[in-house]
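Once you scroll down, you'll see the structures, which are given as structure tokens.
Here come two complexes built around chain A, the first alongside chain B, the second alongside chain C.
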Partner chain A sequence: MAANKLMSAVAKLAPRAVQGGAKPTSMIPNMKIGTPWAGLKTRGELVEAGLMDESELSEQHKNVFNFSYFPEVGLMWDDLAYGRDPTVREALRRLPPDVHAARMVRISRALLLSAQRKVLPEEEWTTLESDIPYMAPYIEQVKREKEEMKEWKSKD
Partner chain B sequence: MLSRRFTTAYNLAQTVSRDAFRVTSVKSNSAVSTVQLVLPSGARYEERDELGIGHFIRRAAELSNGQRTAFANARALGETGCSFLVTGTREHIIYSIDSFQNQDSIKNAYELLLAMTFQPLYNGWDLAAALTPMQLDLAILTHRKDIRVIELLHQAAYKDTLGQSVYAPAENFSKFGQQMALDFIQRTFNNFNLVCVNTERDLEEQLADMTSEFTDSGDKGTPPKKAVYRGGTLMNSVVGDHAYAAVAVEGASIGSKEALPLGVLQKILYREPAMKYTSPGGRLPSAIAKAVNDNFMCGNLNFNYSDSGLFGFSVVANAEDAGVVLEAAAAEMKSLCSKGASSEEVARAKASLKMDTIIKQENARSFATMVTDHAENNLPAPTLQGALEAIDKVTVEQVNETAKSLLKRKPTLAAVGNTITVPFVDDLF
Partner chain C sequence: MFSRKNKWVKFLNNSVWDYKVPININNWWYFGSLLGLMLVCQIISGFFLSTHYVAHVDYAFDSIVHINRDVNYGALIRGFHINGASMFFFFMYIHIGRGIYYGCYRQAGVWYTGIVLMLLLMATSFLGYVLPWGQMSYWASVVITSLLSTIPYIGPSLVEWIWGGYAVGQATLTRFYSLHFILPFIMVIVVIIHVGLLHETGSSNPLGLYDPSGVGMRSFHPLYSCNDLFFCLVAMGYLIKLSAFHTWAFVPCENWIKADPMTTPKHITPEWYFLWVYTILRSAPTKGGGVALMVLSILVLAILPLVPMTHWQGGTQFSPVGKMLFALWVSNWLIMTWVGSQPATWPFMEETVYSTVIYFAFFPVFLLNLALKASKFQLDRSLYYKLWILILYVSIMITIFYNLPESIKWTIEDFLAN
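So, the complex of A and B:
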């Protein structure tokens, strides 16, 4: 009897992965991908506002999101940037603390889901429009600084 | 023996008032031109929860600003050939550039200076680059008991306002950041002085125009808190062989009629040795030598701020002798104040004070500081001739009268080091 109760409790807590059409029952609080930081716009909004080129919403980009695994575990495109590249490493260092924390939560969630062989419910998958390119300004800044340094060093 | 150079008359300062700042310019015989932005944002204007933010701002001045990254800034500054310095006092933060009288280089460097002063970014990832030199400053300070005793003296005398130290307390390091620094700047970087020494007139106009683009029209802001002298004893006990102590009473503010008599009195108490390996002059060294066999050092103190000042002496002695040394020094000062000084002493002190004045104005930077003090306190511009004449006019009666009034003032004592024999100030006088 006690074993049955335990088993049912466990079953409630850890639902098996299901195909499309499942209710959102993930245990981890559902972090809305656009928040908590203010001012960062999704890719869709950026293209609408004219800050990003139309080509960012092209077919090729869409295919990446449709056929990859990372959107299914709730990652954004910029979450895949790993610190091997020195530019990326410097940009990661410059992320504001809340952006960095949200990135780490998403990565931890994805690692957990991957270990459990699960995915998020389809409503929570990242799409091309809801992706936020949060690393772009910092990578630009770091690249500009490296060029500047090269320019000055060439003068020596 | 004054060489002819020093006795030429200087051009009087021209002061131009703009909305948000005052431009003051002077000429001196120095070959170096200095341009200084003197901002009324010293340690006394820090709120209690942001103590030390001035230290952070001074150290973060060279980091990335709105116009350039730190690297580009450093290289550009090097290209102009000017030297750059940020200084902090209790009343001001001073951003200055020195140049070898080349007007173009001054103009280029000034552009960089304006960006560093008025458009700092204080990026989160740059914080470590500012905090590390601050840690070095504090580490050096542990070995500089002479500086620490002066900071402690001010703290004992004023507690807040002028008592706040220019060095940040170590426990506040985690608080410093972009928001706090920008708030402080917004509040205090108004009504500042642009001081130009040895620059040409049209360059000054250009510099003033450039500055107007970086600042908006003067927000007068809240009037500063007046410094209240409190007095008392503060001791910082540290393992060691020596005690560094400083004793002071409330002195003269800049421009008060007591300022010059106290300057003369300062030199009666103690005169620095004029040559190496000679003994110092004044009353204190001989009085203390009579009381103690071992080595000691003493000095005079005369700080002048815009609304208050400190006047007194400092001593360094072995731990066992410190009490005796202080009592001898205090007794000598009391005797000087009650009985007065002789006319020869006053004459010798006046000569020493005049020499000090001449030496101070040789350095373009300290001269610029003098100019700013005068400008901020609505005094006529300093000229060397005027200063020397004013010192000459001080009479023996004025000096003795001022000395007598010191007896009634509440004293302060600060001691750093091995303070086992240092008496409390109430027991001293």
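So, the complex of A and C:
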């Protein structure tokens, strides 16, 4: 049921998103791409809050980010996490539902764009400042748990 | 009987008809099915050739002439077989290049069965090349089987065991014929495992993203079945064109002369698809070193799935530096293919060294670049630049060493010996 709703949402919103000259639209109702949700902050906000080093937004990082193609199809860095890796799978399972749904929508949109050999209008490209590292805490959590488990098992 | 409730029909339906394929796969994904087509073509054309071929040193060459001249459409079938082998390798190299570029090696089972298939294909084509018993066939078999003598302790005995005697002769030809017949069927079994493992994880796509929601997936039929059929028809058309109009384009002129163990051809070179391996073989100053590098050049592909890319999808599509490295590597591979066809003189002998160094250096540099990128922009710039400088330095040192005048080389070697 939820999957059907998601698919119909993508089908309705995706065509508008890829037409040139269209006004920027958000794939998630009432939320712009890059707007923090579930209490998550963008890289820009994390640097402003002092939670991330300033060098994260250096020119070199920006160039590496901007030339990497994935921002042009509206993906964030954490969207590139390898979905078949066991750690990532567990982290995905722990994501809040709205964050997970937004990730699925972005991935589906990217696949549809890739199929059409198109990219988003430039104003909708992800930027390094608007990128949200939403999965990093969960991956760290899973990795720490695995290390603890390994340590426990080695004591047996 | 053909209801989808039947478990076999269901299995077939999920593996072929309704198998979910990403919507965004591009033309590079069609070479897998083209390889399957070429395998079937080779088995069928090979079967028809085998009904007329005689595996005897005195009659093999004449039986090939008989096939060409007397058998109905014999020349055409032989053309299919020869040119089919070339197309098989062409598609295989593109298939492997696609796998490296798009990070498909992350599906380790599929990758390793693919390497096994590559080795089987190389073995099969080498064995088949010997069967016409022309000059190049005979001397290629002598050169390649002699390489096994470099294996410590068992080498010389192994070579005699393979030859079935003290030299390449009747026993060798007979067993090569049997092996050449049986190996394709072993390839069919490995192909089934290869595709089965692929279907476990699902096909990759140009973005490398895994989409469990299924929004970006389509059934294999009718979209991809029709696309595959189209490309198969194009490939068959090209095979027919090659076989009908350029039948002997890939047959060296020495192979029109019956094998003569007393006369060595001036330039022994393999078929075009082995020239890059030949370059690597000739790059080392010693026979054993060349053989070791040759084996490593194929086994180095096996390290790709082992590099801890951790949680980031591998592949160059999101790495501009990775794309440049890949382009450099492919260009180098093309240069290696050309250099392998040239005689073993200056400047080609020096070029074999440079291109072999680039071939092997690609893998650690490429993988390190991806691994660094996977560490989420926590680029340790100093480490990254140090690695580039180190590789450049080592390449320069190797180049200088090989270009040094002999007198200075001996001085360095004397110094190291003392």
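Simple rule for what comes next: the second predicted complex is superposed on the first by the 120 of 156 C-alpha atoms of A that agree within 3 Å, B and C clash if a C-alpha of one lies under 4 Å from a C-alpha of the other, contacts with A are read in each partner's own complex, and residues count from 1 in each chain.
Here, a contact is a pair of C-beta atoms (placed from the backbone, for glycine too) under 8 Å apart; a residue touches a chain by one contact, two chains touch by 3 or more.
Everything quoted here is computed from the prediction, not taken from an experiment.
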- Clash or fit, chain B versus chain C on superposed chain A: fit
- Message: Once chain A of both complexes is superposed, is A:114 in touch with chain B (first), chain C (second), both, or neither?
- Response: second
- Query: Counting residues of chain A in contact, which comes out ahead: chain B or chain C?
  - Reply: C
- Message: Contacts for A:148 in the overlay, against chain B (first) and chain C (second): which applies, first, second, both or neither?
- Response: first
- When the two structures are overlaid on chain A, which partner does A:96 contact: first (chain B), second (chain C), both, or neither? first
- Task: Would you sort A:65 into first (chain B), second (chain C), both or neither based on which partner it touches?
- Result: second
- State whether A:85 touches chain B only (first), chain C only (second), both chains, or neither. second
- Note on the structure: Overlay on A puts the nearest Cα atoms of chain B and chain C apart, in Å, by 17
- Looking at chain A, which of its residues have contacts with both chain B and chain C? none
- Can you list the residues on chain A that touch chain B in the complex? 93-94, 96-97, 145, 148-149, 152
- chain C residues touching chain A in their complex are 22-24, 106, 201, 205-216, 309-314, 317-320, 373, 376-377, 379, 381
- Item | Interface residues, chain A side, partner chain C - complex | 3, 6-7, 10, 56, 60-61, 64-65, 67-70, 73, 77, 79-85, 87-88, 104, 107-108, 110-112, 114-115, 133, 136, 139
- So in the complex, which bits of chain B are touching chain A? 69, 71-72, 75, 123-125
